[in-house]
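Shared chain: chain A. Partners: chain B in the first complex, chain C in the second.
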Partner chain A sequence: MSIFDIWLGILQGLDVTATVTGYGLLFAVPFALIFGVAQYLAKGAVLFAVTCIIEFWRSSAVIILLFVFYYALPVVGLMLSAVTVSAMVLGLNIGGYASQAVRAGLQSLDRGQKEAGQALGLSRSMILLLIELPQALVAMSPTFVNHFIQLVKATALVSLVTLTDMTFRAKEIAQIEYNPVGIYTSLLLAYFVVCYPIAILGRLLEARISSGRELARGL
Partner chain B sequence: MREQSPDMATEISGLNKWYGSFHVLKDIDLTVAAGSRIVICGPSGSGKSTLIRCINGLETYQGGSIALGGVKLGDNAKETTLARRDTGMVFQSFNLFPHLTVLSNCTLALRRVLKMSRRQAEDIALHYLEKVRIPEQAKKYPAQLSGGQQQRVAIARALCLSPRLMLFDEPTSALDPEMIKEVLDVMVSLASEGMTMLCVTHEMGFAREVADQVIFMDQGRIVEQARPDIFFGAPSHARAQQFLEKILH
Partner chain C sequence: MGFDLSFALSTVPTILGAIGTTLLVALISCLGAAGIGFGFEMLRRSGGLSGYAVRFLIDFIRATPVLAWLYFLYFVLPFYGIRLGALTVGILGLSVYFSGYLAEVFKAGIDAIPKGQSEASRAVGLSRIDTIIFIIAPQMLRNIAAPLGNYFVSILKATPYLAVLAVPEMLGQAFDIASDTYRYAEPLTVAGILFLLLALAISQAVKRVETRLLGSNRR
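Right, the complex of A and B next:
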């Protein structure tokens, strides 16, 4: 089997990798926004509950979460597809990290921004949506790109819950032909080819933001 | 009970505030009649900023009451929000919204709080930007402007809601010396149009020219309240004398 064939074989798993990443984002983005904002605004018992949920998803080993949810949910009668379980576990794990970026972005804003909004008679939710979040999200967007790349790379784990992603395909090929160096080097490159454009995109974004800041500073 | 005439802007009585165990405002009584221009001065930590921040609900207080135009400030959020619309606040550090243009800074509350159309809001905003002599900067972002220009935008932003009372919290303290005048000029012209103003400042020239009352605060109390000619001529309290000697060199 030529390296070219190995490559083609691995790329057959690209659609699963992309699908899990895509669905994973559907979990990660809302989780990061809702829980990051909640941790910023909540107090007392609510804050404690929000923090517990974030820490559960952030501080657990992803691979174990994957196994637990894949094997344990059917026991309690919840039959979810491997794609759904994977997207949920990976998405909420990355979402847990990203929620901290959202919270930190909001907390790092000058207190005067909120006060100026209050002084103008804006409601708390208007201050959040019109003043705080736009500034925090722009400042944090390079971090979000990092988390996005993390998510793509984390999808390699779904090969362990029967999904035929790129990593699973590589392992299949490795069983047909003994060429671990060729196969796994190709796999490494395959993830790089997927992730590097995202990194470039992130860098462009970062450059745009900092040039925006320079513009804002008056050049 | 004093009678509350409808034109009475603000009535503060028996105001007390603590930060933990620190008693920051002590039994403050102050009436700001409509059209009056009061300058508050005093050493740092005397509670002057805290006092005006209480008036628009940026700070809570533990005792006493504040009434705006005869309406008592309740502790429920809705009344506080309504009261805030009646007062305009200008901060020491401007606090313009950096992600919005000058024009959008001014129209934000008009559109979102008063639900005006964009056109209507922009007309009002441009009117006040002209008033602070800066209409040509409307499309720029705050950080493209000088400090003095930013503070004038902040004044225009506050004026857009047609407040009954303008609160100024050391509006020139963060400015380079050569920019102070352009901001004070705007404030003087506001005063000449009859705007009710409560102004924390160390600009004693402004106080002399514009104020009809000067209040001196020290350690959370109003120590002296007098017309500027009397206050600057012969302050009756030793603490105020010391302060004036230092600040007037």
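Right, the complex of A and C next:
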């Protein structure tokens, strides 16, 4: 098997990697937004409950969470496909991290922003939607890009719950061909090819945002 | 097949017994990652060809999953005649993976030190190595204490990855029980709960140490 065949074999798993990443985002984005905003606005018992849920998803090890949900949910009668369980666990784990970026972004805004909104007679939800969130999300976008890369990398885990992603394909090829150097170097390179352009994008974003900030200060 | 609580409780001592391995792996990997990361950062600063090579290597490590690194080292090292135990390979894998992140921590820690510090030490006749050891490193350590603590927690949360190499840390022990008894839900849930408690306790401890360290250094 040539190195080219190994590459083709590994890339056959790209669709599963992309699928899990995509479905993962469906969990991660709403979770990060809702819980990040909730942690920013809530007080007392609600804040405690919100914090507990976020901490549950981001404090544990994602590989353990995946196995617990994969093996324990069927026992309590919840039958979900491996893709759904993986997307949920990986998505909510990254969503937990990203929620902290959402909250930090909101908290770091100047108080004058909110006060100006109030002075204009906007309701609290309108201030949040029109003034606070857009600024916070733009300011935190490089962090979100980093979390997205972490999500893509975390999908390597789904090879452990029978899904045929790139890592699974590499291990499959390793069973029929003894070429560890070629196979596992190709696997690392495959992830690099996927993730590195995203990292570059994140750096461009960061440069753009920080230059915009300096401009605003200069004026 | 429901959830057998008494069976679950019977697995607690075995899984709890692996906490020592988990913590030891995390501690040695953190030291290893810090060592490699510091070396990377020094090479990157020295500029030249090795600086660019290291810069690429750091980007490469950050764009690839830890699981792929573990497989890579586990299968590729023996190919070159380097036979290490699974535990050693696991620690090496975590060290390499997190060194890419710790290099960035060191970079930020060093960048925060005023340039006059190294210029002054050069002016009084200290060698380059002495400048690093006696002038830069002590000031850097204070700057990196907080992010280093956070990465220790991250490394702790990555230790269960070693279960895929059959290292008997907490998740590995849970899988041992599972494959002996054909019951997965109970040991994995127990491992999940115990690991969550451990991770929460360690991250609280790290926060406390941080506030004490930084509190005594701040004017």
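Here is the rule we go by: the second predicted complex is superposed on the first by the 213 of 219 C-alpha atoms of A that agree within 3 Å, B and C clash if a C-alpha of one lies under 4 Å from a C-alpha of the other, contacts with A are read in each partner's own complex, and residues count from 1 in each chain.
Criterion: a contact is a pair of C-beta atoms (placed from the backbone, for glycine too) under 8 Å apart; a residue touches a chain by one contact, two chains touch by 3 or more.
Keep in mind that what you see is a predicted model, and the values were worked out from it rather than measured.
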Counting only touches as set out at the top, which of chain B and chain C does A:Phe148 meet: first, second, both, neither?
neither
Contacts for A:Val181 in the overlay, against chain B (first) and chain C (second): which applies, first, second, both or neither?
second
Check the residue A:Glu115 against both partner chains and state whether it touches chain B (first), chain C (second), both, or neither.
first
Does the superposition put A:Tyr97 against chain B (first), chain C (second), both, or neither?
neither
Now for A:Leu130: first (chain B), second (chain C), both, or neither, which partner does it touch?
first
Looking at A:Phe27 after the superposition, I want to know if it touches chain B, chain C, both of them or none. Which is it: first, second, both, neither?
neither
Scan A:Val138 for contacts with chain B and chain C and give back first, second, both or neither.
first
For A:Tyr40, using the defined touch cut-off, is the partner it touches chain B, chain C, both, or neither? Pick first, second, both or neither.
neither
Residues of chain A touched by chain B versus by chain C: which partner has the larger set?
C
Contacts from chain A onto chain B in the complex sit at residues 110, 112-113, 115-116, 118-123, 126, 130-131, 134-135, 138, 215-218
Listed in rising order, chain B residues that touch chain A in their complex are 56-58, 81-82, 84-85, 87-89, 91, 93, 95-99, 108-109, 112-113, 141-145, 157-158, 161
Which positions of chain A touch chain C when the two form their complex?
55-56, 59-65, 67-68, 71-72, 74-76, 149, 153-157, 159-160, 167, 170-171, 174, 180-181, 183-185, 187-188, 191-192, 194-196, 199
Complex interface listing, chain C residues touching chain A
1-3, 59-60, 62-69, 71-72, 75-76, 78-79, 157-161, 163-164, 170-171, 178, 184-185, 188-189, 191-192, 195-196, 199-200, 203
